[in-house]
């Protein structure tokens, strides 16, 4: 099994969270999606821990026997590999008024589904979800991206949880301009 | 913040509903989606209050400093702006056998996600959700529309709730033929 | 009402499951989606009963007065109509290393939404859900399929439930190569 | 079309016959489409915007002339300028907003800046990079050379030698168009916003439909319960391809569509219309009139009004820009009734609109192969029954259900296609 | 292909060489595609439907001839009529259902109504609008001028001067095709429904594949564990491009694919086949035979049977229409086994089908650039080793793994391309 | 472009003028695109891969030369072979993985097998089907006839008579390119993986941009707070269309972009660069240099380095393949800083990259109609101010903000377009 798939499936060996916690985490992710789609970036940044590790590796078409290498490992190229300063830089950029790729802004819609939650080794939660990112801009252009996210949440913040790690497994190998956050 | 975004985010200052109510409202919205996708229009109309306010404003690409006007205000053009008579007229039309744009009918699939519920000022509920409307018809044509809905529900009806207001924030500025309901 | 729609709406005359059961079934379907998207086919096959009836009928554009025949009945052509041996044969094929349509494999993402659960006549559950199957492969190709699923679950297996019947109502009449499972 | 059949051979043939038959290739042939962009659209007056959309200096509306992006901008002196929305440096779109207010347009690629009139006012590195040698006065945005406003409707043309817009309309069509824009003192204004949607069909299906096709109404719009439509009415076709058609004596028909209040409104304004335009115009307005200005401007007048443009987006796709038009002097509740009524009937979700689109897009789709497109379509209705003696109506007219304007539309289109593109200096730096 | 290289230059060249090489542009050149719609498809017999799909008067099936929409309708007198699914007025598709039963077809645009034979029977406003002058007898739906049924298979052609279908097949191919449709008393019928799916490749990849390519089976279908296929067998290619290929002595091979019951069924019917068609036919049917009628009809016969059409949808896309065929006299459980078996193997989800599609679509994709398409593909297998002395088999045949039918397919295709489009009166109102 | 205007007429005109104006049709005309695939791409040296991507025998990388699929494979003897990724039998793509290691490539259609050098080594049914008559030595994969490696960069060309890669570059451009690939002992290597994304614009917008457009940086990349860029610098354009541009004296600029450590790294290696390439090269590397090898290879050098190819995917789309390049001798933390920095700035999600793409794609979109494309774009910056006396810099150079390389790029492009396609034996079986 590929590193990436192993990674996203890791949670399955952990203790599942109960229904209440699933509900709570769902609302948290929906809140995140809402602020992102409303371009409320301060709200969004406030959902991450200071040591957030936000990453989305590149993926490849590989031979059957090399499927284990179909998702890039650490140290190889990623689409995103940001710490908090990096995310803030992206946000500042968009709000600078000079980020032409987002002026006028994309109208995005994050659909978050298949949310599953496990207890981590400490008081953290391991969360898997599927997403579809619908995006339209300027004319009739529509792009639809999809994939899975594996988030690690820790207690904190006004919404009860903060994201400490986000691992995004985008389904595409070749992408379009990634001027939006996932 | 634009009027429309303010509108859809309004609920965030309200008291969140509990898990049980979220569950109940989710089922209500899924039921609505199911009857709509099955073309059971009487069932669908029965889910609205007599004073339903059903609207979907037009949207625009605007300059960065004019983002507040990116969604049309009341009094400007809307894609939908219907009362119950208006909705019934649409339904009657489709069932007339002469609504050529729906003969043969679209095969639609409403995917409702990111459901969040708050208590309104009275016994109403304020509900936000994201949707993706998948639609295929005749040949291999597929259209995918997406957006957010802000519904106001009040107690009533056989399913426990009725929709008193529906505000749809479609993500497109330029659309296709909108012969289906959202 | 068409046979197919009747079929998928059948559950509505049954006793709805409670929130806890809805939660449990949701997790079960998300687990299924996860193993399918991770190509863990043994895990996937283990989610079905030995007498699984897995089917997806063909659909047609019909005249207004012939909408009842818009979905193929039993005995007509189906896209899928498999028993467990049939599903296993598909899985074995993909893993043979010679299933060229899946070498390199599709990167799929099953988004499962609108999950509703009812108690069946025995200790089974009747489950309706909507799905969107996002699929990308090789280059920049993306295909998006959508539809509804009506599953019958019975108690059993390490995950609490097993699928005894799956009826898939795909929204397309004309499809692409269906080398993936839904 | 046989592959690579020379365009000249096609044009020499009878694309538009004198017998009322029209070759279907005019709707689906890619080469004819590229040619009509130049021969038809570059030579014609094209609708840009309504004056009321851009009341203040710096207000702009981004539209297209055919498929070329154009900015329509209110100038400080109150005039309207239109210019190609494409930087003269490397061609970037200088404004990517649909609508707004701006003092200047700064290109996001290298920063060339144009003022509201399109003049090039700033070039970064002008001294170090260009050594001060670029003649800025020659590198302003390409202006639409002729822009005219007709009672609130702003039109422009790329053809410097075009007749005035009024001459282009012709005296007769002016009178018909006035029943839309000049029926009340104060003229018209548009409701805020634009309905935009795409239909996968050639733009001429929309254009010819609004210019000349009342005939489809009963069948196409059967779902909204119009019942039997009035059986009296006329249609008019102008030499340059414009046209209109209308019922007379159909006032009660509006009760169903928009309610009593619009009927009462019409009854109240009928004397004013008669006074301004004559009794025939009041008749015309009393029931629904469709109409269009060649090539791609369309309107409906009557109790409620809409104006629109069929923007070509390739041979088999168009984008509709549609506005709701109201008399400026109408009371607020009538404006509101118009807004809601036209939105319900004639927007992308419109209960009448949808079925027009279904017909047009299926006509287009049927022509993908090689056989259907060989069979001409029929514009023979009322052929030989034209009259020019109907009291109060200018020009040659025919029975409301007929193809008189449609034949005129295609005849004029064919004439322009034979004339071919504008002769124009190409590639110079003078804009 | 050099841009704008004149089509004539291309056609004069050796698109299909006498050395068994085929120019890849036949699969990817847009101009050649437009020409083949006219020169190949309009001149050939095209499969429309199976008789059993439309048993009752008014039953219709909507299909396409190449990419033109056609309605196939059972008439009151039991005959079958086929007509262009496009209104003669402005071209609207008159029927948008895939299948059904109707007494008449009313166009949704202006309401012209055609009866089941395509006759124009009602025109709204005929008196007021048309002044009774439209000759309705000349404006019926465009009929497919020649429709013939061969043992349940309905074919049609646009070419009025075409040979009869049987002459088009040729005596030899008739015999081979009979192993599909005439192996038992009572003939065949189709299971309800049609599998339809699209593959992004030129239609000829499917067509030539079923006509002549047994060679791919072991490699392409390795995943289903066929193991080594029989090594004895033959293939046949007809002068007009039809062809077939089959193993002999491969009966045990079916055990794996469809189970014991179909093998037993075959053993039971073998004497009947021998009796009807000769021992060679029984041999042929005993193992899987592929085959096709030029240009785009294909079939598989053997223990289970399918028929299909490769509908062109542009130069790089086709839509497959596929049916499961059964002997009418077969017991219900054999029909059911066929239905399930063919669905599993040869539908869009088919375990054999999928991998054919993968190969065909990647062949297409590889030709996007300019270099790969310059290198011809190879049809040299078995070149010069044809025989006409195989007992019981009509015509010139070769070893089952070979390119004999493929060469014939392309040779006949090239001949039609050189001949060019049908000469036909165009644009008259006579349909 | 007028429809069907003969290509020759267009080419005789001034697509690329001597006055620094370029006809926009070079970016949007479909026929010119098909011609440039042959006339430009088939005659030029095209980047294939970096040596470090395929270190071991059997390592392969699947790329494209323009839009033709090509496999780049490390041979047992350490050399690199490139071959068309298309089976010689019926054209199937023989390898559908992006990258990997393989001893041989077996076609999934009929099983022809090629070894790592492209030799055809196995043909199923060779005896029974082909009667042993197929000359396998003539049916290997089509080899790219010329492949050369320049300091780690592997290029190939279809033109057997092309000059060597070094001659193609020219002595001057070699020196500039060495500031990318030869600045330290040991040369360079790439970080694992490739960034791939598509932009809906003509490939020349990317290519010319990296070859000659420093001018856009301040405006296009204003969002990342670069502030005022250095005002000193030069650009160079080679006779065969290559080019580069760079600031000098801009070292502090890097602090913001990549942090102190890369600045320190540069200070440390500056003496080595000076020693290897001269002080001018050290200057050049100290700040950001853009550059490109005609037609579609591009790079950035300086504190961090990237190499990329603009793969044409139709006239209005390109796919970018982009790598992060590092000095082999750099310490791990500098390689890591490069990887993260270049990913943040110059991948599909890159904070600089995104805005380049926005400009390019909107330039493309603006040309859909007929008017904008008639107005040439401007490459006049610095025209007539070229110098060849800048100490340390080979060749004719100009001020860093200028169009000197852009003019050279288009002039050479136009020259190749006039020359037309390679004369080449077509259709033979010799590969």
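Letters A, B, C, D, E and F mark the chains as written, and numbering starts fresh at 1 in each.
As a working rule, contacts are C-beta pairs under 8 Å (C-beta built on N, C-alpha and C of every residue); 3 or more make two chains touch, one makes a residue touch a chain.
Note that the structure is predicted; figures quoted are calculated from it, not measured.
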| item | value |
| --- | --- |
| Listed chain pair C-F, A-D or A-F that repeats interface C-E [over half of contact pairs the same by residue number] | A-F |
| Cα-centroid distance, chain B relative to chain F, in whole angstrom | 49 |
| Centroid spacing, where centroids are CA-atom means, of chain A and chain C in whole angstrom | 27 |
| Centroid spacing, where centroids are CA-atom means, of chain B and chain E in whole angstrom | 46 |
| In chain B, residues with contacts to at least two other chains | 19, 61-63, 97, 100, 103-104, 111, 113, 132, 138-140, 144, 173-174 |
| Multi-chain contact sites of chain F, meaning residues that touch two or more partners | 4, 96-97, 108, 198, 220, 319, 355, 358-359, 365 |
| In contact (per the touch rule at the top): chain pairs | A-B, A-C, A-D, A-F, B-C, B-D, B-E, C-E, C-F, D-E, D-F, E-F |
| Residues on chain C engaged by chain F in the complex (per definition of touch) | 100, 103-104, 138, 140 |
| Chain F partner contacts - residues on chain E that touch it in the complex | 1-4, 14, 17, 21, 23-24, 27, 215-216, 218-220, 231, 355, 358-359, 362-363, 365-372, 374-378, 380-385, 399, 401-402 |
| Chain C-facing residues of chain E, complex | 96-102, 191-199, 220, 222-225, 319, 323-324, 336, 339-340, 343-344, 347-349, 351, 353-355, 357-359, 365 |
| In the complex with chain A, residue positions of chain C that touch it | 19-20, 23, 27, 30-31, 33-34, 37-40, 97, 103-105, 107-113, 132, 134-140, 142, 144 |
| Residues on chain B engaged by chain D in the complex (per definition of touch) | 56, 58, 60-63, 66, 72-73, 75-82, 86, 89-90, 93-94, 96-102, 139, 173-179 |
